[in-house]
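In the two assemblies presented below, chain A is common to both, partnered first by chain B and then by chain C.
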Partner chain A sequence: MFSDKAKEEIQQVLKKYPNRRSGVMDVLRIAQRERGGHLVKEDMEEIARILGMQTVEVNASAAFYTMYNVEKPVGKYHIQVCRNISCLLLGAENLIKHMERELNIRVGETTPDKKFTLSTVECLGSCGTAPMMQINDDYYENLTAEKIDKILKDLK
Partner chain B sequence: MSTVKINGKEVTVKDGTLILDAARDAGFEIPTFCYQADLMGVGSCRMCLVEIEGQKKLQPSCITPVLHGMSIHTETPTVMSARASMLEFLLANHALDCPVCDKGGECELQDMVYKYGPHKGRHAEPKFKFQEKDYVLSPVIIKNSNRCVQCMKCVRVCGEVVGANVLGALGRGDHQEETSFLRSFLDCDQDGNCIEVCPVGCFMRLPYRYKTRPWDLKGKDTVCPYCATGCRMVIEERDGIVIRAKAQLGVGLNSETLCARGRFGFDFINSPERLTKPLVKRFGTLEPASWEEALGVIKDNFIAAGKNIGGIASARLTDEELYLFQKLFRSMLGSPNIDSSARWAPEAVEGFIKATGMDEGGASAFDCMESDTVLITGTHLSDENPVTDYIVRRISAGRAMNLVIASPRAMKLDSSASQIVRHNAAAEGHLLDAVTLSVYGGNVDKLRDVPGINRIKDARQDDLAGKAGCSADDIKAIARKLTGEGSVGLFAGTEFLRYPGSIPGLALLKNALKALGKKVTIIPVLDRANQRGAWEMGVHPGFGPGYSPVKERGMGCADMLEAASSGELQALYVVQSDIVAMHPDENFVRGALSGLKFLVVQDCFMSETARLANVVLPASSFAEKDGILTNQEGRAQIIRKLLPPPVKAKRDIDIIRAVGETFDRSFGPKNPVLVLDEIRKEVGMYGEVSLAFNNKRNVDNKLDLKEALVKPAGLAEGLNASGLETKLEPKTDEHPFLLATGNHLFHSGRLSRKSPTLIGLLKNAIVEISAEDASALGLMNGDKVRIKGRYYEAYATLHTRSGSKGGVAFIAENYDDVPVNRFFRRGEGVPRVSITKA
Partner chain C sequence: MEKILLKNLGRPGFHTIDSCLVNGGYNGLTEAFKHAPESIIQMVKDSGLRGRGGAGFPTGLKWSFIPKDPTIQKYLCCNADEGEPGTFKDRGIMENDPHLLIEGMIIASYAIGASVSYIYIRGEFVFGTRRLEAAIKEAYEKGFLGKNILGSGFSHDMYIHRGFGAYICGEETALLESIEGYRGQPRKKPPFPALSGLYGKPTVINNVETLACVPAIIEKGPKWFSSIGPEKSPGPKIFCVSGHVKKPGLYELPLGTTMRDLIFDHCGGMLNEGRGLKAVIPGGVSAPMLNAHELDTPLDFDSLAAKGSMLGSGAVVVMDESTCMVKTALIINRFFSHESCGKCTPCRDGTPWLTNILKRIEYGNGRPGDVELLESLCTNIFGRTFCPLGDGAVMALRGALKNFRDEFQHHIDHKRCMVS
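The block that comes next holds the complex of A and B.
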């Protein structure tokens, strides 16, 4: 069940769409934020009810995009590192390995204290500042190992 | 028209034709996975790539229409290497577990790799696996996603044709999996169309699993024995056991689709409960006997009964059997008392035949659907005739038309409708009268002389709308659509037979629209495979074969039972009909049958009626006989014998003939082919009917062979359709729900109750009411409830349906644990019931 605030927000965003079904992406985003970074069965059922869709359609929309974490809980900070060509050429692979070492987890895993989840993603549209990554809603750009150490330290 | 060159061959096709269709028509084969004629094109599998001169990249032919002057090549080295590459990619993650895959031997991927593929793979990486073990998706579906080729046909057929929309594509790229919501257990129509369209062994039949290899199966073309849609299918056996029913693309009006009943309900054929030898009652118990003894007993008792004899034959028998049955009674036993239904009154049947114009010959359901406005009334189409529902959904999605659905109960097809009208239960007549009155209001001059218009022309619109339980706006909107531009199609279902008072309303609306110069196509929607055939063969007390007039009017089922109670009727011959389970008021039937001197029942199973018989004869199922069935449209279709009848059971036609031969050795004709010859001679409607509508795969997907439709009967005299009324028990506070009956989606009559797979889908009785009524009573979906009428009470599981009209409780006729006919009392009309928490 969504909070009253979330329900109100959903009704607001749905006004943007002539067809309620088209609002599924926005509503999924709100639901994921409410849940703390991922989506569960009940969320998708609720969304299907609100939008008049089939549950599997909501599921399929969510499963298509890597930004939605379907039934995959993430830590408080979800680190998404770009591994596409510009970032890769500028050393993203080493940065990923560096973070795996620092956090003592592998890509796709969450630290035991549920603070960090490390994932790799496709291009985030910030090639000019490669290599880069996104932590929750913020971009961190022109990364180096030192910068990353500082970012992680600040978050810890 | 566009003229294009395909591999140098010049062809002229309609504008907008897909390159794929044009090439296939021209005789060039193009392989596909994701293309299916009935579904919207997605062009995802890339197997159908072709080379078009002047275009650098290969184009998917299944979504590219031809352009005038195009020069297309389908077999160049570039195209061939593209096909091989696509297959190489598909095999990169494919499980390649062919030796244990049910699809092995009839797998499209196997065939294509064999024909076009690289015979060596270069992918050295470990294969991606969706899961280690196959998972069960429903009682009839098991899934192995590792074999998927991501053609999306399952998802599309589920949404576009079936309308269930419970499958989706989760994930993307090679990790995309077509499955249910979070892979959960499916609560859907269980029709297995996803299995049928799957080119590989990804969706599989659970009951068929590991039973056989396709090349060990022996199959025969046949027609589904359940509802009257008349779906063509193939049933296949191995070692005398039928293990699969399947539909074929481009064959029959159903093409590749079937419903749960058709696809999984065939297994009653193999039931160990089948009757295998004749039984004769000795000192109160039925004991095995020889055919000679059983026929001797029948002869003696039929002679003793003289003309005081009656016959009831099931509307699932073949035309040949039904023809011979009426011949036995009319010309051999000298009795006019025959009927083909334990449920409908003979007058209602005549009225319905006249109102729907069945005597004017067959009408194609496709023609009806091609009308500009289609009205579906008197049937819960989605549950009663699921494949008709698929056809309506598919066609209505592809063209601009008005689809009006009038029904008290909400149905799956509602989502395709442009107008939904919820009227009171049993009020079809009032609704149609109100519509006609609205039409009349604007066309008084043209409609003044329409027969029957006087009945309503002075009525008040508010009164009629009130009785129908809908708003005047709804009625005006329907009238506007029906009188608007173009033709009208009507689907009229069995509710008209259940509530005969509605029939004059249907007849009047048809006549009024015709008087306005409209083209009106009516399809009667029936629930027994050969109900129309039974009537056209003259198994009815009021008319003979081809609806011809009879010299002496006989008694219908209800009158025969009445006569049996009073001792007037002495003997009754019942063929494959379970009157005790089907006729409204079970106690009355039991009393009446016990008043008979002699009852002979011929059936596949020991039915409730058979238990009361003096002689029981073992009959055969649809898989054990040759013959023709006439579907609701009036399309005559062949069924073929796959197996011999079990042990000493016989084909119904042989039994009926043997009974006749005990009186006269020359009774015949002697076999189905000769009977059909006689039918063609005697029954004008069937004289020239084509039986070519056989299972021949036709690539162009032309499903509508009009020559298979029966011809007009050409009757000068009309049928007797007087005294039609609907009798309902008065509404009381104690019993607020009107009891509606019909068939459940998974069952048809009582025959389907002998199918283990269908029983697995739904065993115990459910009662359905609207979600609003349920919440007013404080009841929830799935609650155990008590249903109480004036004469009977029973317990069932509650099923709620949102969007249904209030005040109606639906219990299907199929359940042996809640025989719905026990709520009825002869002469007291449709009962009302109360529903409380158990």
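The block that comes next holds the complex of A and C.
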């Protein structure tokens, strides 16, 4: 299931810790990336085998952390809009509604072409440049409706 | 005041080791190796440095709890989980001056005798992680990490551990569980991490900003540090300002700067001239809000504690008159119920209950007695939770109710908002 590159990365991960279990978060992250944004049952089994853990333990870790999308495929672009206080004060709610309209989906949904998933998240540590969102690995800050339109257009 | 922590902010390219070395980087480390580990701990004690992660615990004292037996493995963990809403300072340090953190961590590790350290960075900080990875690699190449650092005989390895979306992992024992590959839920204390921490070994956990203060303390001396700000809360501090101000952002200022100076001098005042200040959260959402009459409060550990609030992470969230406090309380409370780790009942069941009541008040379905119900739930949660997250949820809500009770009542009585 893991590519050669991923296998090499996992070897590096295991060097960081005195035991293999500590690698579970990194290996889950690598597996999620390899699958294109989510995790499935076979991933857990494979990871359990590599790390010498029980599958249920790997599952428990994956379920605990919100950034692992267990059995929840996401679109090519996962848009995560901050809904916490600093962003809210500067209009995050309207931006979230705007985005729902533009993408024609509700928060938590994926567009039929599997291009965009829209989620709301808690504070992303970018409150001085609120309102903000994250798309895949990148932060987009000081957002306005116009800015969002341009960002979405460039991704479409 | 000369900037220590944010000297590179707004200076692109200054994060690399070459420009760091030209600008005096790692001088603190070179100096540190001239002293015995115990003298480093004494210097940090003398500086008066208190932890910048929220609790304000004296850093030198924390280090001194680590057993001195050289045969025992010890660890340093840097807390870079930065999840307290309103806070973005550690990200500022890691992205702009990663070597400052690395240098501080090597000095701290030398002082406590840790041969390995981990930086626990929140998963969303991808850019910061890349910056740190590159910086750690540079530090190895220049001989600041690895075997026999600068000929000192001290060897150290540093690794990054990425979180993946769980505010509770910022709590130090949950952080340790998370590194060990378990769900990030807090551990029972005692034993304290200084005796039994990561993998059961003596461990120091410090915030990014705390560790970033260390090189300057060693290089410029503890007196220099303790002469900045109030006697019992000395040093420079990064304030993360957000919300309704003209110039939000990171400000490195002496502790003890007043809220008024921060907002009106440094941040250019309120965002909309026509709208006055209504309330301000001084230290992240767990810290009870201050009202407009409390702006002369000095921002330091003790002055804010005296006001019934706290310096917390130094996240200052400014709200003008157009802000609905019921909505604010709901958003903050929803955050805590979302982040409750589920380990103890008062928090796991209590915080969503609070959120539901706040929701119905906010959306015009509040019932008579709901404010009293909120208060009695707070009483039942406070002090009965396994870790401070549950208390934080209560303190935040109590702060809103204390200052703006009439707004909550208005929502219930009139089924609509008082301000908008």
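Please note the rule applied: the second predicted complex is superposed on the first by the 156 of 156 C-alpha atoms of A that agree within 3 Å, B and C clash if a C-alpha of one lies under 4 Å from a C-alpha of the other, contacts with A are read in each partner's own complex, and residues count from 1 in each chain.
In this section, contacts are C-beta pairs under 8 Å (C-beta built on N, C-alpha and C of every residue); 3 or more make two chains touch, one makes a residue touch a chain.
Keep in mind the model is a prediction, meaning the values are calculated, not measured.
Of the two partner chains placed by the overlay, neither chain B nor chain C lies in contact with A:G52. In the superposition on chain A, A:A60 contacts both chain B and chain C.
Contacts of A:M44 after superposition on the shared chain: chain B is touched, whereas chain C is not.
Put chain B and chain C next to each other and count what each touches on chain A; the higher total goes to C. Using the contact criterion defined above for the overlaid structures, shared-chain residue A:P112 touches neither chain B nor chain C, since it reaches no partner.
For the contact definition in use here, the residues of chain A common to its chain B contact set and its chain C contact set are 60, 64.
Within the complex formed with chain A, the chain C residues making contact are 82-88, 90-91, 118, 122-127, 159, 161-167, 178-184, 199, 240-244, 248-250, 281, 285, 315, 317, 319, 323, 327-328, 331-332, 335, 338-339, 341. Residues of chain A that touch chain C in their complex: 16-19, 21-26, 28-29, 51, 53, 60-61, 64-68, 83-86, 88-90, 122-130, 134, 137-139. Looking at the complex, you find that chain A touches chain B at residues 41, 44, 54-57, 59-60, 63-64, 70-71.
Residues of chain B touching chain A in their complex: 165-172, 180-182.
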